[in-house]
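Structures given as structure tokens follow.
In what follows, chain A forms one complex with chain B and a second complex with chain C.
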Partner chain A sequence: MSSNQAGYTTFEGRTVRDGSLWGNPAPLVYSMSRFGMWLFLATEILLFAILFTAYAIAYYRDGAAFHASAKELSVAFGAANTIILLFSSFTVAWGIEAVKRGNNRLMMILFGITVVCGIAFLVNKKFEYSHKVHEVELAKEAIAPELYQVLKSENKCFEAFDKHHGEDLALEKCKVVPFNLANIGSKDKSKPAFASMFFFLYFIMTGIHGLHIIIGLSLLIWVMYKGFKGEFHPGWYTPVEVSGLYWHLVDLIWIYLFPLLYLVA
Partner chain B sequence: MSHSDTHAAPHSHMKELTLTFVALIILTIVTVKIAKVDFGSVAINISIAMFIASIKGLLVALYFMHLKWEEKLIIGFAALSIPFLVLMIGTMVWDVAEKTGELIYAK
Partner chain C sequence: MSSIAHTADHAHHDHHENYLSKKGIWSWLSSVDHKRIGLLYLFTGLAAFLVGGAFALLLRTELLFPGKTFVDEKTYNIFFTLHGSIMIFVFIVPGIVASFGNIFMPIMIGARDVAFPVLNRFSYQVYLFGIGTILVGLIDPFNWFGGPADTGWTFYTPYSAKSNSSVITMTLGAFTLGFSSILTGLNFVVTIHKMRAPGMTWTRMPLFCWAIYSTSLIQVLATPVIGITLFLLIAERFFGIGFFDPALGGDPVLFQHFFWFYSHPVVYIMILPAMGVVSEILPVFSRKPIFGYKAIAWSSLAIAGVSFIVWAHHLFVSTLSSSVAIFFSFLTYLVAIPTAIKVFNWISTLYGGQISLKTPMLWALAFVFLFAIGGLTGLPLAAPAVDVSYHDTYFVIAHFHYTIQGGTVISLMAALYYWMPKFSGRMYNEKFGVAAFIFVFVGFNLTFIPQFLMGTQGMPRRYYDYEPMFHSYHMLSTFGAYALGLGYFIAVMNIVWSCFKGKPAPQNPWNANTLEWKIPSPMPEHNFHEIPTITEWPYEYGRDGVPLEKKK
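Right after this comes the complex of A and B.
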């Protein structure tokens, strides 16, 4: 037993870390790790707060366009993704309970389920995104068929998008066309800029959230790998707990994104 | 013994976690159902949706993220992000609302 290096101990015959760090005792390191993670999560909350602020301002300026745009999203897809994420959060919380008792194997199974849920979420999102992109293309074609064909063949709509001048009819139309889903079916094409804000925010918010899902999945897979090597025991499971906190935050953000993006219609 | 073997089996939170999960699913269904009901104004509808989302968020933070059993210092710092959140969203929307009001008045 005394042959263990400093910072290591023995658990069920394996040499494992005892949770101490740089000479600090394990309970202190464990508490400070959670403290640090929570500080990081606070900055994450503020990152998303910027997006929520942008949403609130754009909504304040033209709520009607938001309602019209949100109708284009499938509530079923959004609700399914919500349930998937909630379930994945539950299995993470359960996994932490398991590893607290030294059960690395159950933790790996539960985190494996979480990873599958996370991938299912991303696959769902991928279908949603490609569906949206397809609809945007259809909308462009429906609003200005000839122009669309010309611009598509010459591939210069995006150039024209940023530097429009009122005199040029072609450029003006071009400006109206992209991401203008909210105006489909309505005759009013006078305020396309804020109609497009909804989908701009939709892609940015869900995109950044999706990035967090990918980071979270990487963390969980890393934790599973460490669990596979049997590194965790009741005296040290900080990475499991801290990665779990990150995954719960991703879930927490989605809880707000779902009603704001899918249910405002 | 440099390391103590006195790690008593920690108190299990499985019951609370399961109840939280069930509550979250129920609240999700409620959110979807209630979104179809018109409460008179959009502002009320969004407020209700945000209120339910906040209950769900609180449940996740308290139970899944263990804040209920967390140390006071950590709870304090976690809670401190909420006033900043309100400050940021609130002041910016307030500012935009004021300016938009002036523009309409100027016309």
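Right after this comes the complex of A and C.
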């Protein structure tokens, strides 16, 4: 031990970094990083809180449209993704426990399973998205072919507004066509805006959540890379725990998104 | 005798080796040293301040005469958007907290750096990237994104959802700057919690650090809200979905709620560090212990707490029901309590002190005076019945500038002159400092007192044209603005020039007692040779100018 220079220690016969950083000892770095990540998670929760607030307000205005729209989503897909994420959170928690006990290899296996789960989640989402987008395109084309072409070429609705300003019919079409996804399958067409609000929120919320999944996956892969290099030992596993915390948040948010978006029907 | 020789020896040693020693632009951009990052923030901010100020002068010039003076209406809209956005997002929100907070907060709590130095550098890089993005949106000279943004810094829907100008680019810029702000705040909260020197208890911490702590909490907790709101606005424009646009079934008032849920706390992000600076300067230059330390410290946290529940007072005329308005009016009045506690404590600190009117003290005293006016004129605006008349008039403009310019910018100047000998190792020119102060003080009041008067008579804000009855007020205001601009220009140039050519500064020119004055000027690269152990609070200033032992 005494042969180690400052900042290094010995673990299983290898010389490894002891986790001290910028002159701060490893336990301080550990507690600072954990605290920092908890604060960051607080900002994430506030970020989603605004989306939940928006959801609550739109739901309060027209809950029926929400119920109708949510039926368009596949509960089976959503439930599968919920189970996948819950399981991945379990493997992350187990992985952190493993690395605390010095079992680097088990941690990497478990984090590998988590990464596979995360990718499975994204693939699932990709199928859902493309299915929805396809339906939207079909609906647009079916309801107003000529306006659909205009919108498709310009990709902007407000220009269509300017052109047809004052013409109720065009205005009505513009309102219905690009936004009213709930009209798919000839549901109630009387309240287009709020039904589209559901799908707007669906894409925004799951989209931002998906972005978090990708960030979380990158973190986990980075941790696995560090684990592969053998950097972690019972005295230094801060990146493992902090990335795990982040992954748990991603999971937690999905736990709220699932009933709000899929089960509200 | 030996201690003097030791200090001199020390100073000589550190003259060659301090945080400014390494040269070259790369050594600055790649540095993770909190002092260097703070200086980068400071001078980037000051440059933005001069640019934003130049646009304010253009605005005032246009308003010199009724009707067209030298630009058309559209350009006028672009000017006030540029002025507001640059000042708010680029200069004043990072303002004191990212510059002086970065340079001095870690030293004041006895740490060698912030908790996450690399994250700190990343914040600055994100900040630069955000400035680039927002400037593209604001200027857009080649019409790449639809021309310069013209929505004002508030991006109110439905106009911002429909305007053909480059709103998306500009909001992306604001979004990015917000991200930088979150990371800085997070870094500072962790630093203050975890990195205080031995013996630096919460109640021995300098008040500036308390202010930075409260500010950082708001940054961490409020900024995500504006981030996601601007994201929703971008999505609305990009996909053409009506979340805020009433023509598509959306709700523009919802945007205002979301926007002000961040943007009201953000005015306390601006003002709290300013209050912290003043709490440092007043005891030093009146040679008295700060009066009511705990009251000032806790009132910072109280302001931070209350700041989250007052946002709807911006919406008194935006379909807010009167019962809700009364509720928010009451909560808004609550802010006056901790604020008044601070002002009374500052005045009590001055009372009976040996006041030395050096430039930093002049700015600090001006802060107390101007901010008091700003605060008091906020009270009528907090009353819904009065606000119905004053809303969106020049009264609001004048109130805002009295709190934010008379408060934050004046305090930033105080901080600049107070800490300049420490961070540059050189003294500023006192005569130019005082002259700049006089120009600013007179010019400031000349600019904004006529705006109060105009506002009470109904001159609406943001208008390009006005009734002839307001002409003399606008003339006075414009001339005041010229004096103000000249004053700030002299003040900043004095600092910039002195940073390179000023006389070498001693270690502790103000005989101040906080930790940054106990290390050489400029600071050594790792702040302390040995982390100090703190045994008392820093405010034991005696009447003879020498710190006394704390009496029990």
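Quick note on the criterion: the second predicted complex is superposed on the first by the 227 of 265 C-alpha atoms of A that agree within 3 Å, B and C clash if a C-alpha of one lies under 4 Å from a C-alpha of the other, contacts with A are read in each partner's own complex, and residues count from 1 in each chain.
We adopt the following convention: a residue touches a chain if its C-beta (ideal position, glycine included) is under 8 Å from a C-beta of that chain, and two chains touch if they have at least 3 such contacts.
Not measured: the values here are computed from a predicted model.
Superposition of the two complexes onto chain A shows chain B and chain C fitting side by side, with no clash. Rounded to the nearest 10, the angle at the Cα centre of chain A between the centres of chain B and chain C is 80 degrees. Between chain B and chain C, more residues of chain A are touched by B. Using the contact criterion defined above for the overlaid structures, shared-chain residue A:57 touches chain B and also reaches chain C. Of the two partner chains placed by superposition, only chain C is touched by A:47; chain B is not. Looking at the shared chain after the overlay, A:35 reaches both chain B and chain C. By the document's definition of touching, neither partner reaches A:72: not chain B, not chain C. In the superposition on chain A, A:231 makes contact with neither chain B nor chain C.
After superposing both complexes on chain A, the closest C-alpha pair between chain B and chain C lies 6 Å apart. Residues 31, 35, 39, 42, 46, 49-50, 53, 57 of chain A lie at the contact with chain B in one complex and at the contact with chain C in the other. Against chain B, the residues of chain A that register as touching in their complex are 1-2, 4, 9, 18, 31, 34-35, 38-39, 41-42, 45-46, 49-50, 52-53, 56-57, 60-61, 63, 67, 75, 79, 82-83, 86-87, 89-90, 92-94, 97, 100-101, 234-235, 241, 245, 248-249, 251-252, 255-256, 258-260, 263-265.
Residue ranges of chain A in contact with chain C, taken from their complex: 22-24, 28, 31-32, 35-36, 39-40, 42-44, 46-51, 53-54, 57, 156-158, 161, 171, 175, 178-179, 192-194, 196-197, 200, 204, 208.
Put simply, chain C touches chain A in their complex at residues 112-113, 115-117, 161-162, 182, 186-187, 189-190, 193-195, 220-225, 227-229, 231-232, 235, 239-243, 247-251, 254, 258, 261, 526.
Touching chain A in their complex are the following residues of chain B: 1-3, 7, 9-10, 12-14, 17-18, 20-21, 24-25, 28, 31-32, 35, 42, 46, 49-50, 52-53, 56-57, 60-61, 63-66, 70-71, 73-74, 77-78, 80-81, 84-85, 88-89, 92-93, 96-97, 100.
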